[in-house]
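The structures considered in this document are given below.
First chain A sits with chain B, and in the next complex the same chain sits with chain C.
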Partner chain A sequence: MKILVPVKRVVDAALRPIVSQGALSTSGLKFSSNPFDEIALEEALTLQRTLGGPAKAEVHCISLGPDACTDVLRNCLARGAQHATHVKVPEGNTLEPLAVAKILHGFVKDRGFDLVLLGKQAIDDDAACTGPMLAGLLQWPQATAASRVQWSPETSRLSITSETDSGEQTVSAPLPLVVTADLRLNKPKYVGLAKLMKVKRVPIEKVDPETTMSQRLEQVSVGEPPAKKPVTMVSSVDELVSKIRDLV
Partner chain B sequence: MLKNLIWRQSPRVRSLVPRSFTAFYASKVPLTSESYLSLKRNDSFKRLSSDDIEYFRTVLSKQELLGSKEEGDLDPFNEDWMQKYRGQASLVLKPKTVEKVSLILNYCNEEKLAVVPQGGNTDLVGGSVPVFDEIVLSLSNLNKVRSFDPVSGIFKCDAGVILETANDYLVQRDHIFPLDLGAKGSCQIGGVVATNAGGQRLLRYGSLHGNVLGLEVVLPDGTILDSMHSLRKDNTGYDLKQLFIGAEGTIGVVTGVSILTPPKPRAVNVSFLAVKSYEDVQKVFVKAKGELAEILSAFEFMDAKSIELTRDHLKKDDITFPLEDEYPFYILLETSGSNKEHDDAKLEKFLETAMESELVIDGTMAQDETELKNLWHWREMIPESAQCNGGVYKYDVSLPLKDLYSLVEATNARLESEGLIGDESKPVIAAVGYGHIGDGNLHLNLACREYNKTIEKCLEPFIYQFVQSKHGSISAEHGLGFQKKNYIQYTKNEVEINMMKDIKKHYDPYGILNPYKYI
Partner chain C sequence: ASTLTFLETSQGKGLTPSSLSVLSAAKQLKNPIVAILLGPDAKESSSTLLEKFECLGLEKVIVVGDKRLEHYLPELVSPLLKDLLSKGDYSHFVMASNYVGKSILPRVAALLDNQPVCDVVAIKDPKTFVRPIYAGNALSVVKCSQDKTLISIRASAFEPVTAGSSKTAKIEELNYERTEEVDIRWEGCKMVDSDMPDLTSAKIVVAGGRALKDKETFDSLLVPLAKKLHGAIGATRAAVDNGFCNNSLQVGQTGKIVAPDLYIAAGISGAVQHLAGMKDSKIVVAINNDPDAPIFKNADLGIEGDVFEILPELTKKLP
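Up next is the complex of A and B:
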């Protein structure tokens, strides 16, 4: 089996992006892998172990973006992926989800994969479109927002559970398939130093995007959430009650 | 962004849970006066009368005074964080201005009413809670940032500003507070200065004696000493502010602080490493000092037992342990610098050679900010993990590096031979060691199932004698407080102690400030 895991390089999830002059400023901010994609990779590696290791299932990571994406990909290799490909997109070029899906589509067709496992969304634009669009272009079935993934060797099908408002829903499908990962799917492990060191000088395959698309959406404005109102302390229960009364 | 949902988002690092959460339960902490029967109340102090309270009510507003159950729970002000000491204050004053602090102290000095200044009450030696019926003077309401100069990095604030609040304020202005410690979410700048707290950044930025540029202090008679300078160089006369840094509120109450803050590092890396012996901890430290040099910003060590306790304690939070196996010693190493590529290259080279020479046998490196915080979490949660099974005896000592860990071994051996340590039938769970290798500062913690006199007798003065024999200090960063008052002679000589007593007597002739403690 060949598994493709697309990983997006995003502003670190624990940092607060700065809005200046109506645009997001990322200068000086640290970039990391999209946490949802890290979860997808962890699941791909688990699946690989279930299937009998790299000889039976290969994990290939791909990232689209500026040169710094190689850091993200090297991290993927340290975590246990066998291959990594960097699709070069110049700094400052924003790819819309459809463009990403088209590039991934070309890559999947070209190299031949059985399963694409990716995060259900990226934490920067929250679009949550890439997975479904890719499934559409490939004309593959898709299971989104997976919180549990199970491989059945008897039927050669994957069953995917996702959380719904009122409980859980489980679907099953044969390969090829697109699966998008939710937060609760797993907890990625720390990467061991020895593995980090090992991949430090491994060359990363670089390719130019086959499809380029002009940007169709224009970012009009970016704003910060409204500031929270300061808390006022009340000195007695009576005062609290009267304040609540004023509110209702 | 889905920040709040992200799985590895650790619970807020706040090892010192605000005590008001537990205040709904009747206190189980024994009164200090009952645990230490030989200690007598100093009868030269007046007992608080209704006239006194009347006076304070004329000076202070409703929000600034707690004098009865109806006005608020006094337990959080009477009990220390370790739940080891409990005083009997019936009055808590929370003035909002320096002038009011002055009026209060002036009155207390005239009337000979004893006072305990209190910040975030995160003290670890019983220094911030009353012993008998002293009035609690809380600085919590003095909590404004006064000024910040982005050019010089000089930051001025009231004593009651919480450390984390100050740091957040500075981070937004591209600077950081030169001190960081586990209690950051509760402890206050004034308290930090009054106790000369150390913490994890000391290795890089030095102690408060170097960073504090000026103080505003109210003396016991109410005089306001305003020396809120912003000068890095000033050789005119005695450096008076130094007297109050680490004086634990015994000769004055710190109300304002002027401090030099460093620029925020642009690149921070954290590694969590495993080594096989204490010998190797030292070797890695020497290597780090040499090879990481100016970017090395923290070097903490933890023994296997301290991490084991933390793993047990954190089990409920379901936080992933950084390594796959267990090892005898762990190191948390942080670098901070201005250029990520430069730092990464240095650190990678260092780690690579450390692994090749088998000095470091396992480890990991934070790949993003969340992992970085979680790795620190493993170090910062040790105190709480040692405390949470009943109690903890804490010894914070300075020792020459080569002898540092031998104290933990000696203590374990002693507890073993006295039959005090082990399974549930024994009072002590484990004696663990961790701390700031970079500063020669060991935290020896005895996680116990209960506080009892037998444990205390077994440890004291044994530990202090051990420290003295190695020419260390019985208090590296926690201070003397109540716990170590009688042991100062293990570190300081007679001339030094007498000079301290003279100073105390001169500025606080009636001894009203933080009595029964320090010297």
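Up next is the complex of A and C:
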């Protein structure tokens, strides 16, 4: 089995980009792997162990973006992925989810993957589009926002439980398919320096994007959300009750 | 040109509250509106829609009653929507940005070679939309110049259409023909049975965090207050992860996005991810024993103190 894990390089989850004069700036900020994609990779590695290790199932990570994406991919190798591919996209070129899905589509078809596991959304654009778009282009089944994934050797189906609006639902599908990972799927393990040093010389494949496409949406401006008025602190429940009454 | 809107029903409960917000968002696009309803409840819900809700501009409701569409599996629904959108003279497509919307809209868009605008919180004009990015820390204004504009809307940002009637609209039944076979099986679901109001559409939300200690304390402190206010219960990720309540009650970047008239945050410190789910609430009341908790910077009213004392007293004293 061949598992592909696309990983996006994003502004670190603990930081915020700077918004000024109608634009967004990320210069000088620390970048990391999209946390949901890290969860997807952890799940891919778990599945790999269940299936009998790298000889039975290989995990391949891919990242689209500027040269700095190699850091993200190096981290994936340190976590235990066997292969890594960097699709070179010049700094400053924004790839919309549709463009990402098309590039991944080509890659999946050319290399014959059986399963694509990725985060349910990226924490920068919060679009949550790439997974279902890729599944649509491939005409594969999809399971989004997975909180539990189980492989059944008897039926050769993957069973996926997702948190929905009113509870949870479980679907099952045979391979190939696309699964997107939610927060509660697992807790990615910490990668120590020793592991990072070990993969320092493992080659990362570089490829040029197969399709180039113009952006479909134009970002007119970026603004800050309206500022909140300062809080009014009260000192007793009685005061709180009367203030709530005035306001609501 | 017209706008196709995707409406949902929830088993036995008819149209979902978010569907009513989808219709009001569609009204802002100023085109005639066509609604589509799928699954075994579709027929009945279409009559309810015409008899009980006022939606100016609604011209037609397409009903596809096929049982196979009951669970809105994107593999089955997407080809159907793709066909409708590519054949009709639709300029816009609107659905809710909830679990169903997030699984269906991108798939349909990919089939149409289209980039959708997801999670819209405001419509500036029929081509220009506002959507939050970076967990709501920034608002992006996006212009779409594709032949079709596909959007999902955040239900909390659009007032639902009001009671009334839309009797001039026609109902049209359509057969579902499954053209392509994708092997996906719906194995089952666990619905949360609750007599509390729906979290995403409630006017009042009472939410608790890790400080509420355990499930018993969470229930005994929050439920009476929520009941008295006819509000819904919400929670932080930490509260859900510690088993205080079901995960469908999680409010935040990856949980529910709510914007009630009143949001009471009890024992919630105010992590960025939680704030992303409730910062658009009209009035936020924060109760916390840590005066430096970030939640106070995002609240309108704050009281420093012990949730175990304040919540029961508040429940008693609120009218």
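Here is the rule we go by: the second predicted complex is superposed on the first by the 236 of 248 C-alpha atoms of A that agree within 3 Å, B and C clash if a C-alpha of one lies under 4 Å from a C-alpha of the other, contacts with A are read in each partner's own complex, and residues count from 1 in each chain.
Just so it is clear, a residue touches a chain if its C-beta (ideal position, glycine included) is under 8 Å from a C-beta of that chain, and two chains touch if they have at least 3 such contacts.
The structure displayed is predicted, hence computed values, not measured ones.
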Touching partner for A:201 - first (chain B), second (chain C), both, neither: neither
Chain B versus chain C as contact partner of A:139, first or second or both or neither: second
Touching partner for A:228 - first (chain B), second (chain C), both, neither: second
Touching partner for A:183 - first (chain B), second (chain C), both, neither: both
Partner chain in contact with A:219 - chain B first, chain C second, else both or neither: second
Which superposed partner A:129 touches (first chain B, second chain C, both, neither): second
Which of chain B and chain C A:75 touches, first, second, both or neither: first
Which partner reaches more residues of chain A (counting touched residues only), chain B or chain C: C
Chain C-contacting residues of chain A that also contact chain B: 121, 123-124, 126, 183-184, 233, 235
Chain A-facing residues of chain B, complex: 1-3, 5-9, 62-63, 266, 271-273, 318, 320, 322-324, 348, 351-352, 355, 360, 362-365, 367-373
Parts of chain A lying in touch with chain C, wherever the complex brings them together: 11, 16-17, 19, 24, 96-98, 101, 120-121, 123-137, 139-142, 144-145, 147, 157, 159, 162-174, 182-184, 215-225, 228-229, 231-238, 240-241, 243-245, 247-248
Partner chain B, residues of chain A touching it in the complex: 12-15, 28, 30, 32-33, 35, 39, 75, 121, 123-124, 126, 183-184, 187-194, 196-197, 200, 233, 235
In the complex, chain C residues that touch chain A: 10, 71, 73-75, 78, 98-100, 102-111, 113-119, 128, 132-146, 180, 182-192, 200, 237, 241, 246-248, 253-254, 256, 261-262, 272, 279, 283, 285-286, 296-304, 310, 313-314, 317-319
